[in-house]
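Quick one: the structure is below, and I'll ask about it shortly.
For reference, chains read A, B, C, D and E in written order, and residue numbers begin at 1 within each chain.
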Amino acid sequence: MLDWLPEAIRPEITSDILTQALFETIYMVAWSLLFSALLGVVLGVILVVTRPRHIMENRFIYNLINPVINVLRSIPFIILLVAIIPITRFFVGTAYGTTAAIVPLVFYAGPYIARLIENSLLEIEPGIIEAADSMGASKWQIIFKFLVPEAMGSLILSMTTATIGLLGATAMAGAIGAGGIGEVAISYGYNRFDDGTMFITVLLLIIMVQGLQTIGNIASKKVRRR
Amino acid sequence: MLDWLPEAIRPEITSDILTQALFETIYMVAWSLLFSALLGVVLGVILVVTRPRHIMENRFIYNLINPVINVLRSIPFIILLVAIIPITRFFVGTAYGTTAAIVPLVFYAGPYIARLIENSLLEIEPGIIEAADSMGASKWQIIFKFLVPEAMGSLILSMTTATIGLLGATAMAGAIGAGGIGEVAISYGYNRFDDGTMFITVLLLIIMVQGLQTIGNIASKKVRRR
Amino acid sequence: GNDTNSLADAGESYSPENPVHVKVGITGTDSPEWDEISEIAAEEGIELEIVRFSDYTQPNQALADGSIDINAFQTVSFFDNFKEEHNLDLTAIGSTVLAPMGLYSDKYESVEDIPDGADITIDKEVTNQARNLMLLAEAGLIELEDDFGVTSGLNQIKANPKNLNLTEIAPATAPRIMQDVDAAVINNGFAVDAGLSPTDDAIYREDETATPYINIIAAQTEEQDNPVLLRLVELYQSEEIEQLIIEEHKGARIPTFISLEELNSYPK
Amino acid sequence: MIEFKNVSKTFSSNGQDVHALQNIQLTIEKGDIYGVIGFSGAGKSTLIRTVNLIERPTAGEIIVNNENLVSLQPRALQRAKRNIGMIFQHFNLLQSKTVFENVATPLRLVKTKKAEVKERVNELLQYVGLGDFASRYPDQLSGGQKQRVGIARALATNPAVLLCDEATSALDPETTSSILQLLKRINREYNITILMITHELGVVREICNKVAVMESGHIVEQGNVEDVLARPVHETTKKFVRSIIPDDLPEKVKQYLGQKGSDERIYKIDVTDETEQLSVFNDLVHQGLHVSLLYASMHEVRETSFGALYLSLKGNAAAQETARSYLEKHDAQVKEVTKDAGLVA
Amino acid sequence: MIEFKNVSKTFSSNGQDVHALQNIQLTIEKGDIYGVIGFSGAGKSTLIRTVNLIERPTAGEIIVNNENLVSLQPRALQRAKRNIGMIFQHFNLLQSKTVFENVATPLRLVKTKKAEVKERVNELLQYVGLGDFASRYPDQLSGGQKQRVGIARALATNPAVLLCDEATSALDPETTSSILQLLKRINREYNITILMITHELGVVREICNKVAVMESGHIVEQGNVEDVLARPVHETTKKFVRSIIPDDLPEKVKQYLGQKGSDERIYKIDVTDETEQLSVFNDLVHQGLHVSLLYASMHEVRETSFGALYLSLKGNAAAQETARSYLEKHDAQVKEVTKDAGLVA
């Protein structure tokens, strides 16, 4: 199936391997994005609203969450992969394979997304919060009916950046047998000096990244209205 | 020197190794941050100002830079490390060691910083640009005397996020013999099952990340004025 | 599917109609032998599922916790050390191949030519690194501590008369940055893949009978006599696979089928 | 309805304290349209922003509807705020939402039915003259249009109290007047209480029944609009009143002073509401003087009118003397105007 | 100095075209203080924003200082813009900089010496009454204070042209007046040309020499301020003029109409600048009528005054008839006011 490629870049792997890897990558990115976005939004919002002089100022919670995020962001991904194996096993039942990789990926991307979201939400003009407050909006409504929609353009770009980062991280999840395009690129292309595989896998990654970024840019422009 | 640590977490490595690794990490992060920030600011600013209806609208340049950044962001770091070996050799004279690692780190972090900066600069109110324009500010002045200072709070947080990401990436630069704390954590702590080393290195990383984030938060709050 | 036997109860009662399912953990990607075994075994009623790891610690952990049934990726010395460190109840059930290492150089023709203060890269992965250092010692470039073992590292070098500058790097990177250094110790697998010939290009090569570095198939100790697993070892050690390994790996891997006693007799 | 009890607010900026409000005491009755005027920086915005605790006072109590907001629990406070609409000086519209959605926001917060929201929002947009703008975004509006969106939004939930911070400052007189009429009508129909900050005394004159004047964080004068406008006591109030009712010598009179004949005298007569109609002319003319009106300016504030006339009287010395004593007897509010001294008693 | 040649600007929003400016023709001479008034959404801001191409016109030419800005190269355009100061409707201050730095920004752009910047900025801050606010940040200012920072910033480089978009809309009358005096002085001393958008005709009356009235993207009336105010032609202009010079029957007169005696008639006399002084009383009184002044309202616009008087004449039928023909002969601008018809010719 890949025979149509010119000799120099014809990969040694079969198109089955590639298709499977593609599927694995999409599977890992999709699920871990879902969970890490949830985690990231929750943590990011907490980081913003509990800071001094914000709507739910709470020194204790802020000073609890902030360093936890820092700790998670400190640990090299490969170590994180292993360090949380008990947690992975608890959630997934096993610590190996594509599904198991989702847990460390979430631990990796969640805190990162939290920081990006924090940054976006902090940019909202205080006047918007005042308007919300004056309407008797609950804290919950202030966050989800005012802050989030107003920051949406920036949030979408942040999530795009995070998704691309996540895609990059899946390459490392090969350490626990997760598979995926990045892993094929490394083990066939890089470790086995197979330029054809390197080429085709990196091409696939580029297409995915380009696609994600394009979608992100368009969506963000649509809501940003600038 | 590390003998004061309780038995369970006393590392097998010497404090010399640790000190050296710490130095290597700081060296790599500092230099690659410098260059990738430069690259990232330049690319990020170009991405913003050349987009449709911005101050230097230029379809051609935008459509050139945007995918280049995507391509660089698509390639798993380990592959990037080897893919740009010729470039590294050109700049550093050799393709391995701590100094050589700076080049791939810059290629890794530069485009990433560009995206974060793009996001921050897009958040600036159009009114600010109008004010600048009406004063007869040059494009250059609009960017550096208006957009950048106004986005500074957000930019600082973005750079903090990027620096922490860079710190994480140095761990992978071990592949080309760059050394550093992350590499010690992986090859001694993880590969050699030395919990003591794992503990002390991860602790060092946490301290660094916590320190960076704290500095970033304070600096950003100072300029953000909210 | 649900009509497969569990490995533990299968005994010899498997057949193509009622197959037994076995998960094999390997690392890296060059597994034509496993693909072949997979085909042959399937005809007998053994369904192989190949799980690839890109890391050397996880396959043993996975074996110990039952995520996989056997693995085949490591040398016996690494294996012995690992199970001791982690207190795992695993056993080697057969030998596979030996992948000798070599010292390569773009600049020098022989070991003697390597100058004082030369830059040499070694593998950053732990057991390979010990092996690299033993190779350098064997070549007379350095001296090692007496208790140097399969997981010893740079800190157990006794003497470095030439003041060599040893740098740890990822093994697959070694061929790519060879021109930047004076010499590089490279695993045969990577050397062959990178287009180097272990026999022609290496300026020094590991002894072909280095027992500690013979690769093995490992299983949980309680399954060491499982007829299914033993059948898999038999299949691996067949003539057919031996030929395939020689052809496919072009000298990067040498089929080395020895008895378990012999395997465990290396000096520890 | 709204009561400020000893309210103070202090900001600190660069280590310095800014006392934006100092011991404010103010009572606004239900149904009042209460105007607050004052110079830029006087503390007007700060005052109005304390009513719904957007700015928490540093000291004092804010009583709205018999509840001391300062001591309310968050939930109760939230409920209280839903009854207080607010129009912001800088609009504070959601940039990411259409005009329709901006106005609908407060309704959505209280989970109003869809059809109801649609009806109410469209009705409000008609009121403020933005019927065709429902699907625009704020960045596609002119300044005045944005302000009107803010007004519609504040009215959406029919609040019992409406706080307006310069609600018409960006509007032309016609639109201002229609908005003020709208507020007046709402005030009448729903008995809504309105607290209205403005720097235009004209706005106060048009719709307020009470007014307070602020200066550097203090309320320096307060009372019924007619009283305050007709008899301003504090210097600041006087300055405001002068802005709509100039009390310096008109140019025309000044010029005339330079060319008046020697047998001519000029008088200024203050007109207040008690002066039902002016008929001094008759007697003066009968006394043999030639009377001319140089300038006249009168103003009406909610059914009350006041102002000043400038008369020139020409005649011989004896007639002038009679006229003078006649005028002085007739009304205390008469002053002679001379070239050098301006007004003399 | 500034010339709009057939300038049009069309926005497209949600697929619909909004014609904010349509074929604008306007010439502003050097030294003019040119006012532009119009209802909210008329296109005033768009007009002023095309002058320095912040909004590029869809068609037409903008000539400033004999250069057609639309066709200028970027560098030249930039230089041209440095000569045009602008005060924005929404201030557009840099949030990250102090008041001082905000005002200093345009000076720094042209690399002014430090000492000079300091002197100039402090001087400007004094002018606008913000001498003590140099080290504050915009978010620590009141609305009017922000506006004044914007004014100071626009004046910093002594531009030859000043564009003001509602420069005093957030200011109280006293501050407004002091800012207007400042602009007038600058206009006089440096012969600076000012284009001033406002919705307050009062502002136009106070300092403009010319005025244009806009409606839905068109200029519907333009000319000298006195002429336009005294004799407004277009309906919009009339509405604006009415906002400062009410021309409907005063309340007092309305009430009086209901209670007037049968031997009494009420007249409205329009006063224009030609009417040097009013001395109709004398003759009327001499004709045996009892004359009372019910209401009088006069206005001065730059040395010109105009307005209206309401007189009540009491007397027998014969005297009334004489009076009537006397008034009609005396001045064409007299109308009788009756209860049913209001004003009759």
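Rule of thumb we're sticking to: contacts are C-beta pairs under 8 Å (C-beta built on N, C-alpha and C of every residue); 3 or more make two chains touch, one makes a residue touch a chain.
Molecules present, by chain and UniProt name: A, B = ABC transporter permease; D, E = ATP-binding cassette domain-containing protein.
What you see is a predicted model, and the numbers here were worked out from it, not measured in a lab.
Enquirer: What's the overlap between the neighbours of chain C and those of chain D?
Expert: A
Enquirer: Counting one step for each move to a touching chain, how far apart are chain B and chain D?
Expert: 2
Enquirer: Using just the Cα atoms, superpose chain A onto chain B and tell me the rotation angle to the nearest 5°.
Expert: It works out to 180 degrees.
Enquirer: Which pairing of chains gives the most C-beta pairs in contact?
Expert: Chains D-E share more contact pairs than any other pair.
Enquirer: Any idea how many Å lie between the Cα centroids of chain B and chain C?
Expert: Spacing between the chain centres: roughly 37 Å.
Enquirer: From the mean C-alpha coordinate of chain A to that of chain E, what's the distance rounded to whole Å?
Expert: 57
Enquirer: Hey, how far is the Cα centre of chain A from the one of chain B, in Å?
Expert: Distance between chain centres, rounded to whole Å: 17 Å.
Enquirer: Enumerate the residues of chain D that touch no fewer than two other chains.
Expert: If we look for residues of chain D contacting two or more partner chains, we find 90, 137, 139.
Enquirer: Name the residues of chain C that each touch 2 or more other chains.
Expert: Only 57, 172 qualify.
Enquirer: If you look at chain B, which of its residues touch at least two other chains?
Expert: Counting only residues that touch two or more other chains, chain B contributes 78, 82, 126, 153, 190, 224, 226.
Enquirer: Determine which chains touch and list them pairwise.
Expert: Here the touching chain pairs work out to A-B, A-C, A-D, B-C, B-E, D-E.
Enquirer: Spell out the residues on chain B that touch chain C in their complex, using ranges where they run on.
Expert: 13-14, 78, 81-82, 85, 89, 94-97, 174-177, 183, 187, 190-193
Enquirer: In the complex, go through chain A and note every residue touching chain D.
Expert: 125, 127-128, 130-131, 133-139, 141, 145-146, 149-150, 152-153, 223-226
Enquirer: Inside the complex, what are the residues of chain C that reach chain B?
Expert: 56-57, 85-86, 121, 124-126, 151, 153, 155, 167-170, 172-173, 176-177, 180-181
Enquirer: Which residues of chain A touch chain B once you look at their complex with the stated criterion?
Expert: These residues of chain A touch chain B: 66-67, 70-71, 73-79, 82, 112, 115-116, 118-120, 122-123, 126, 153-154, 157-158, 161, 164-165, 167-168, 171-172, 182, 185-186, 189-190, 198, 202, 205-206, 208-210, 213, 224, 226.
Enquirer: In the complex, go through chain E and note every residue touching chain D.
Expert: 11, 13-14, 18, 37-41, 44-46, 89-90, 129, 135-137, 140-145, 147-148, 166, 169-177, 199-201, 239-240, 242-244, 250-252, 256, 277-279, 281-282, 285-286, 290-300, 303, 305, 307, 309, 312
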